[in-house]
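You will see subunit A twice below: alongside subunit B first, and alongside subunit C after that.
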Partner chain A sequence: MNKITIGIPKALLYYKYKDLWISFFENLGCEIIISPNTNKQILEDGIKFSMDESCLAMKIYMGHVYYLIDKCDYILVPRLKCIKKHEKLCTNFSALYDLIHNVFDKNLIHYNLDVDKKEDELYAFTTMGLSLGFSYRKIISAYKEAKEKEKLLNERRISKQKSLIASSNKIKILLAGHPYNLYDEYIGKQIERILEKSNIDIIYSDNYDQKYLETEVKQIAPHNYWTYNKEIIASIVHYQDVVDGIILVTSFPCGPDSLSNEMILRSVKIPITNLVMDEADANTGLLTRVESFIDILEERRKQK
Partner chain B sequence: MNAYLGVDIGSISTKGVIIDDSNHILASSYIWTQGNPMKAVKTLMHNLEKQIDKKKIHIIGVGTTGSARKLIGTMLNANVIKNEITAHAVGTLSLYPNVKTIFEIGGQDSKIILIEDGIVVDYAMNTLCAAGTGAFLSSQASRLGVDVEDFGKIALTSKNPTKIAARCTVFAESDLVHKVQMGYQKEDIIAGLCKSVVSNYLNNVGKGKKIKAPIIFQGGVSKNIGVKKAFEEEVGCEVIVDENGHLMGALGVALLAKKSPIKTNFQFSIADDNFETKGIECHKCSNHCEIICVSRNKQLIDAWGNRCSNGDLMNR
Partner chain C sequence: MKPERIISFPHLGDYYIPIKFLLNKLTKLKVIESPPITKKTIELGSKYSPDFVCVPFKYNLGNFIETLENGANVLIQAGGGCRYGYYSEVQEKILKDLGYHFEFYTLVNSNRITPRSFYQTLKKIDPKISTFKMIYYSFLTILMIRYMDNIDDFIRKNIGFETKKNSFLDLKKEMLDSYTKCKGYLSLTKRYFYYKKRFKQLEINKPKDCLKVGIIGELYTSMEPFSSYFLEKELASMNIEIKRFTNVSYLLYQKSLQRRKNLRYIEKYCKYTIGADGMDNIYRAKYLIDQGYDGIIHIKPFGCTPEIGAIPIIRKVCQDGKMPIIYFSFDSQTSETGIKTRLEAFYDMLQIRKG
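Up next is the complex of A and B:
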């Protein structure tokens, strides 16, 4: 049998599940092709295939899918409705599969997650593996191994961040937001570059141990049901005592963020600023905002 | 005598000051940018040069701020290039050490700066909306056939300001046209417009911020007495407009240049050099960055805009 090539768009949930996905398909012996970092071409293609009202991250995703077309046998486009009981994800994540299917009409992998309907991650990976023609036994062991690797890499990132917090005396900023915003070349990386030039230590909100998530999230938002936003909120609660300031990164116009950002901005006790990123290329406004935020933190340090 | 030059170059106007070691303003100038920051700065230099005795005064520090700060900073070989929020705060604090809140409405953006114990603790800028900025007011003035400079005075004569939808420039404009066609008085509409600028500002930029007195109001729009009055009615206390309010950014960055350990040797003759900018698109990777190249007398002095080292024209 020829090796199956799986294309993974480097956008949206890629940044959350990349370790799991990549290692799962590797364990099954598939070829994997990942689209490159977002560049101008990808962004322009994405805008072309998107509705005007889509958020920036969605537009970018469309561009990444377009890049992968005809470069692989299947494209992994998950349909995630619910990953934790009684909680919700942004509707874009449940619409994504059908949206891509209707726009591009290419071979997509069937990857469905809806915990409220008892379709959990194991179920999703099993159906996905079976649809690609692998045996049940092989799928289960590939999934288990991938899950362990994901856990290990995640723990490693968290402990690396912990030791940075403990060892460095530089000004620290918590970059908080969805991973697909934080790590995208046209969203979070633009901010990251400014911070790095200013000699700031960056703490990322997704490097967070979710052990105390439920108690931590309640300090800011007791009745939140957006799973990914809860993670951001809990991480902010967790890190707010060890950082100098928080930059909340949002892509325009995000629905769930518009709700939870308000709660965060009103509750956090340290300097915080919300940067809303859109597809405009000029970053003068961004530079002014980030620089003046750093100025505030530096002045506060001097006063202490 | 040592002196320091500060230049604040915004979308609409360009401001410059020269201060001495005890922070006195020796010279100042305020001109329109007219879409050409480099030309505006040359004019500004000539204006400032005339006001001082060049034999006695040596400029050893240059600071730039405003949206063209990088370009002009490169051109003037500035030792400090600072964002306008910090520059405005520093400038205002030097004259009003007790200030708690700064309202700033300029040609294209509006900001609020919150200060506690002489340091900036929070700020906000308008994001995706330009409603209520200077550009909006001047376009509405020309629609009503009034000089924007007279706006404030006319607004004060109104006894019954018309309500104008403030959410958004587009809605405000169509609402304004509607009110005109309905037969409302011009002064009432103008006063309503001033009020809408204020409520838009407070609901947008000032949203969720604790506004405490003393409040200083700056930027081009602060020259509009109608907006000042509308602010005072809305926040319920005095709003101070300094006669040098338009120079605060330039003053602030001049003070920062003074504080900076780096010194430069500035000559006014720089204004006679031939500066050029050129935008080129880099094709070395798929990002296609637009790189701005600045040259002085045909020699490349700086370039920026590249996302990766492929487009680094300076260090090759």
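Up next is the complex of A and C:
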């Protein structure tokens, strides 16, 4: 029997669940194709296939799906409505499945998470595995293994960042935003490269231990209900005492961010800047803004 | 002595009338409605709003600022839905930072409107409200909203063909005035049937094969005429019959009842719901095609995420059904002339198609 090949677009939720997804399909013995880092071609394809008003991360996602379209049997397009009880996600994530299905007409895997309707992660993985033709036992053991691996890798990342904070004496900047913005070649990496050139330690908002999430969110935005935005807010509260400044990375025009950023900007006491990224190519403006922000931080350091 | 508490709320079409009615009956507080929306409202709102938040936020914030200037000190925001549910916290923060003093209440703090959360919030506003009164008048208000929506549906169908100018709007004004004076279910229902009869007696000159257009899209721009630059009025002046789905009674109870049925109707296109009114609008597009309408107008504020998710699917539905559709995206600075020009071109196209 031929191995099933599964394409995973390297955008949006890939950055959040990559360990889980990749090791799950590896455990099942599927072949995985992951689209390359975002490049100019992918971005252009994405813009061609999406509405001009959708957010940059979404446009990039469309480009990645288009890249994968004739390279694999199935594409993993998750549909996430709710991943924690009484909380919500951006509606883009719940529209994603039907959207891709209508635009590209390609075999997709059903991966549906809706905790409010009692469809949790295990349920989603089981239905996904069953639709591919695997047995219950194999699916559940693969899922458990993958989950453990994800936990391990996550802990490793967090402890690595902790030791960086403890050991280094350089200027530290918290890069806060959705993982799909922070790690994307066209969004976060641009900022990252500028920061690295200026010899600055970068702390990422997603490497964060969610133990005290609820209490930390309450300090800034008690009624926020977007799960991913809550994580960003909590990590800002968590790290604001140990970093020199915060850069908020947003893709234009992100719905939840437009409101939750306003709360952050109005509540945080240390230097903070909000960089809104769109598909414009020139990054001179970005360079100027980041460099002047770094100058401010350096001056503040000297005065202490 | 404490200053007098004055309660106020943002605008949404004509619905300030039933809301004011409800608050007047329930609480002892003085109720004032926000000043009517003007260019100044939206200017004030956009000045203090985040950059790329959707337009309803700006309108609501403008309403709040103007009503605070008029002396209100207790504000109510509804909440629920997509981004709308989080408006209240951000607006409260912005207004407090501007230096206003007020109490702020949100009817829904979590995801859904439940009778319980509604009850608790009203109790917080005025602890002396009796539970019986609350239930009695809440249902009366819901009934009033339903009667209003029914009449509105009738008006939308016929207003383009009135022979005497403004006859519909004048009668509607009279009806709304009379609704506020009603005392109970019986008197409300009597008034409803009386005015329904009178609306039917109004003279119209309606050809059998008139153009029929459906309006779908985001809820605030659908229901607040100012935010869509009086799109419906414009359509009526072109002698077009209008069908619009979104109204408050739809949002209050019909939506959740129809969800499963609607999803089955469009199973070819959609497997899941999209959030907010996304799936409903895809259903409506399909429904309008099947009912033989001539065109669809889709309206939304700029950056409305659920609608952006739904539009590619709506586009496909309309392609398959060979249905002309036009998309309007409203922001605080949309030019009125631009909308008019596009609408006229769309109208010409529909007429040529009709032959």
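Odds and ends about this structure:
Methods note: the second predicted complex is superposed on the first by the 304 of 304 C-alpha atoms of A that agree within 3 Å, B and C clash if a C-alpha of one lies under 4 Å from a C-alpha of the other, contacts with A are read in each partner's own complex, and residues count from 1 in each chain.
By our rule, a residue touches a chain if its C-beta (ideal position, glycine included) is under 8 Å from a C-beta of that chain, and two chains touch if they have at least 3 such contacts.
Here the structure is a predicted model, which means the values were calculated and not measured.
Clash-free side-by-side placement of subunit B and subunit C is the outcome of superposition onto subunit A. After overlaying the two complexes on the shared chain, residue contacts for A:271 are found with subunit B alone; subunit C is out of touch. Once the two complexes are laid over each other on the shared chain, residue contacts for A:40 go to subunit B alone; subunit C is not touched. After overlaying the two complexes on the shared chain, residue contacts for A:285 are found with subunit B alone; subunit C is out of touch. Touched residues of subunit A, counted separately for subunit B and subunit C, are more numerous for C.
By the touch criterion defined above, A:300 reaches subunit B but does not reach subunit C. Once chain A of one complex is fitted onto chain A of the other, the partner contacts of A:252 extend to both subunit B and subunit C. Between the Cα centres of subunit B and subunit C, as seen from that of subunit A, there is an angle of 80°, stated in steps of 10. By the touch criterion defined above, A:29 lies against neither subunit B nor subunit C after alignment on the C-alpha atoms of chain A. Superposition on chain A places subunit B within reach of subunit C only down to 5 Å, the least C-alpha distance between them. In the three-chain superposition model, subunit A touches both subunit B and subunit C at residues 252, 266, 276.
Here subunit A touches subunit C in the complex through residues 50-51, 53-55, 79, 81, 86, 88, 90-92, 94-99, 101-103, 110, 112, 116, 221-226, 252-256, 258-263, 266, 276, going by the rule given at the top.
Listing the residues of subunit B that touch subunit A in their complex gives 67, 82-86, 109, 117, 119-123, 125, 127-128, 208, 285-290, 307.
Remark: subunit A residues 36, 39-42, 185, 252, 265-266, 271, 273, 276, 278, 281, 284-285, 287-289, 291-293, 295-296, 299-300, 303 touch subunit B in the complex.
Across the complex, subunit C meets subunit A through its residues 50-54, 57, 82-83, 85-90, 93-94, 97, 106, 109-111, 269-276, 278, 302-306, 308-313, 316, 329.
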